[in-house]
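A, B and C label the chains in the order they appear, each numbered from 1.
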């Protein structure tokens, strides 16, 4: 019995905005299940009381002062735009999923 | 000896003495590239105009009697994951096939200020994900030592270019071994600095808490020379440390007698090719001759580095790669779309290669609701255990030793059916990134006629000691300066 | 079966920093699209964020003012979702470790004190903007992307739309007092999202929570909350099934409309931001923030009543803006007459500022100048009627009262020596009125007083005139 189901893969593919073919979904499902076996090893380790390390460096409080710096020109910002309309990026229909 | 065969340091000396001009150096590598690049395929983009203009400018300043930085006029290459203003930067991916950054990475600014001419952008595994450069969307790079074999990855193009004398040094990036492993497979030096030593501003991110930029060079002195130029705190990168930056070249000289080196048991035993192990143990013997005491040391959690890395790296990468949606730059699908969600999904699926898609899916899975604690958070805790192992080891030892990779360079296509087995080859290099340590690969012999690298690890920010030991080894062991039979 | 309202409010306020949250681009608005962007805020590959210290200060200041404790250690986190106005397709925000948490605000609504718990005040970055074109495509620009945003979240402690309204007004005043945000809702500098449901206090049964968006004013929030409470009650009474939803407020139709069902809520896959290191606020820093807090509106209102003896109404009006309150106090203290100062500030000053569309800070009449005028009136050196004209002139020219009066030859004539001859002249010219007065018709004096005032262009001190007339009339 696979830990990772086809539905799981579809759900994740949507979260990651990847349009996948059936073939690929099957491939990814296979790969994810193989990796789950790997992860089972991690679960075995006792990490009670162990703090997580999201950062290898013990630094804190790195700030910059509130000073305005030169921005890129409008052309520079838009120079790689797949679809440019005057000073804007243009995209297909935006459905209001976020206000 | 041909001009293009010199080390960066040797060239720099000749340039300073005006025995040779930078223009001539650029011309020399340009001819070399013309001769061998057809076989090696190290470059995605060659930038001769840019290089020649820089070389000319440097030559003029030198002629005018100006005192120039040590690397001025020495031609180099950049892994195509580093942003160059006005020059295409693809990350080995179709999704950025036509992307031209409007800014230079900090390391590019520093090298530019130092007067180094850029000769090209080097091939790589797509978005730095891979260990052979076979995941490049554009071309396969071949190992100069054996054109049927991989140069290693993900900085394979950079390593091959240096090994093939197509440039005098190159920069790569290392997230799980991507500088050290190709360095080892191509018989050159590859240095991953301490996390926070070199600015990541302008480095297209793969895994933010693991990535570092570092040099691939013909010898250890060159690595020190390049590190001198690129290292240092950058206010544009909050993860760079405000630590003192010694002169790494000056630190090279000095005795290494009395230092203690720990040979990592877990990474030198089973799973390592006997020929590789042999080279590494012989290297330890050479170090003993130099007065370095070598003993075994255990890192009890070393075996967990692989699963730990393959939770953390994909997780961070899935978020870092979310920005590639076809809105502001990069590939946008030509297929008809219903709405922007459809456009995102199709553009990304078309633009990303299979390995990248896999890692994004994996990373999204471990971060998703219900799995975060069990996978991501768990992996971060295991990371602490791995780091503690190293801290404990460094209480007793000045450096640690182990192989770079379990095997020398494998054949192109050898792992095509089994990508997981390819990942197993990272076991020696991954723990270093998880702990943020500096480590390098230095040539230590051959197995089956192919280069093998010795990996040397040091405590955080101890590059000076690391380089000194590697330099002493290299000068004494005699492997340095070996060249592949390419173009002969 | 009486369900009671249960409302929580989330407020986002743009912070008054010069530069963006994680880069040096300007936060000014109204400029050409995409002209205030850099690799960081437009999500170009390879860019990295760096925290704006002032934004952190502003949030600490606000959190502390709201009674929150700064976290000794906290982090930024990535909130991952895909949207064209989100340059990186993740927003750098705070999740498990906000900068400050655990405060409260006491409101006064209809004479009752209401305690609202503040769950947290944290820091994040704003998104860019989308514009929808009629052909179905959309335009995107990122000038606003990366502007520092402060988020204030309450516990669901509100039980009426009136309370929510009072809260928002008070919060806005606090933001302005602290100088952290303009809090101008109409400009989008402050956005409020109430979460509404109905709860049965006995059984704990509750309707599903509904979040309301698209509210551009406090009024709209009030109306929307009121409407939503009504809508949910209706649905309850009719036993209609309800789901957790996000609804948008339609000003045109005065109703909330479904935006999306939240049966499966968004998975933002939060994890600590690896490109930023943690923040640690130590005791010294927290203490300094607390020490530097200005007096807040509520406390200031109370003090105006007790210290200056002002009516509550005056205190309310004067403290609506910190600058106005500062101005008033300066005048009151220098002039020594708080009520007079209050009248002038609430009255003529505010009127003229409004007419010329100027802020208090730009007032042509300084507090010292107004105080001087008030003092002069108190000393009887000019009448209040005259003072109004003088003030208008002061506002128009920026001159001081004495200068203007001297220039125009104004000033209360209260020198007996100067008045006596004038009175004598008036008496001789108004023999009839004099006779009338002397024969017992005291009202006749009024004519004589009027004549003296006319002869002195209204500048004679009425009291003195009366006195002298009495004497002269015998």
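A few points about this structure:
We adopt the following convention: a residue touches a chain if its C-beta (ideal position, glycine included) is under 8 Å from a C-beta of that chain, and two chains touch if they have at least 3 such contacts.
These numbers come from a predicted model, not from an experiment.
Taking A-B and A-C together, the chain pair joined by more C-beta contacts is A-B.
Of all chains shown, A has the CA centroid lying nearest to the centroid of every protein CA atom. Chain centres here are Cα means. That of subunit B falls 56 Å from that of subunit C.
One simple way to say how far apart two chains are is to compare their mean CA positions; for subunit A and subunit B this gives 24 Å. Between the CA-based centres of subunit A and subunit C the separation comes to 41 Å, rounded to the whole angstrom.
Shared interface positions of subunit A, defined as residues touching 2 or more other chains, are 15, 17, 54-55, 57, 59, 62, 64, 72, 77, 89, 91-94, 97.
Counting only residues that touch two or more partner chains, subunit C has 39, 42, 50-51, 82, 84, 138, 140, 267, 269, 271, 274, 276-277.
Looking at subunit B, one finds that residues 99, 102-103, 209, 235, 238-239, 322, 325, 327-329, 340-341, 344, 364, 368 touch two or more other chains.
For subunit C in complex with subunit A, the touching residues are 17-19, 23-26, 32-39, 42, 50-56, 73, 81-84, 130-132, 136-142, 213-214, 246, 248, 259-260, 267, 269, 271-272, 274, 276-280. Those residues of subunit B lying in contact with subunit A across their complex are 98-100, 102-103, 195-196, 209, 235, 238-239, 241, 301, 303-304, 306-308, 310-311, 318, 322, 325-332, 337-346, 348-349, 352, 354, 357-358, 360-362, 364-365, 368, 374-375, 377-385, 387, 419-420, 434-436, 460. On the side of subunit C, the complex with subunit B involves touching residues 39, 42-51, 78, 80, 82, 84, 87-90, 138, 140, 267, 269-271, 274-277.
Contacts from subunit A toward subunit B in the complex involve residues 4, 8-9, 11-20, 24, 27-28, 31-32, 34-35, 38-39, 41-43, 45, 47, 50-57, 59, 62, 64, 72, 76-77, 79-83, 89, 91-95, 97. For subunit B in complex with subunit C, the touching residues are 82-83, 89, 91, 96, 99, 101-103, 105, 200-205, 207-209, 235-239, 315-316, 319, 322-323, 325, 327-329, 340-341, 344, 364, 367-369, 372, 376.
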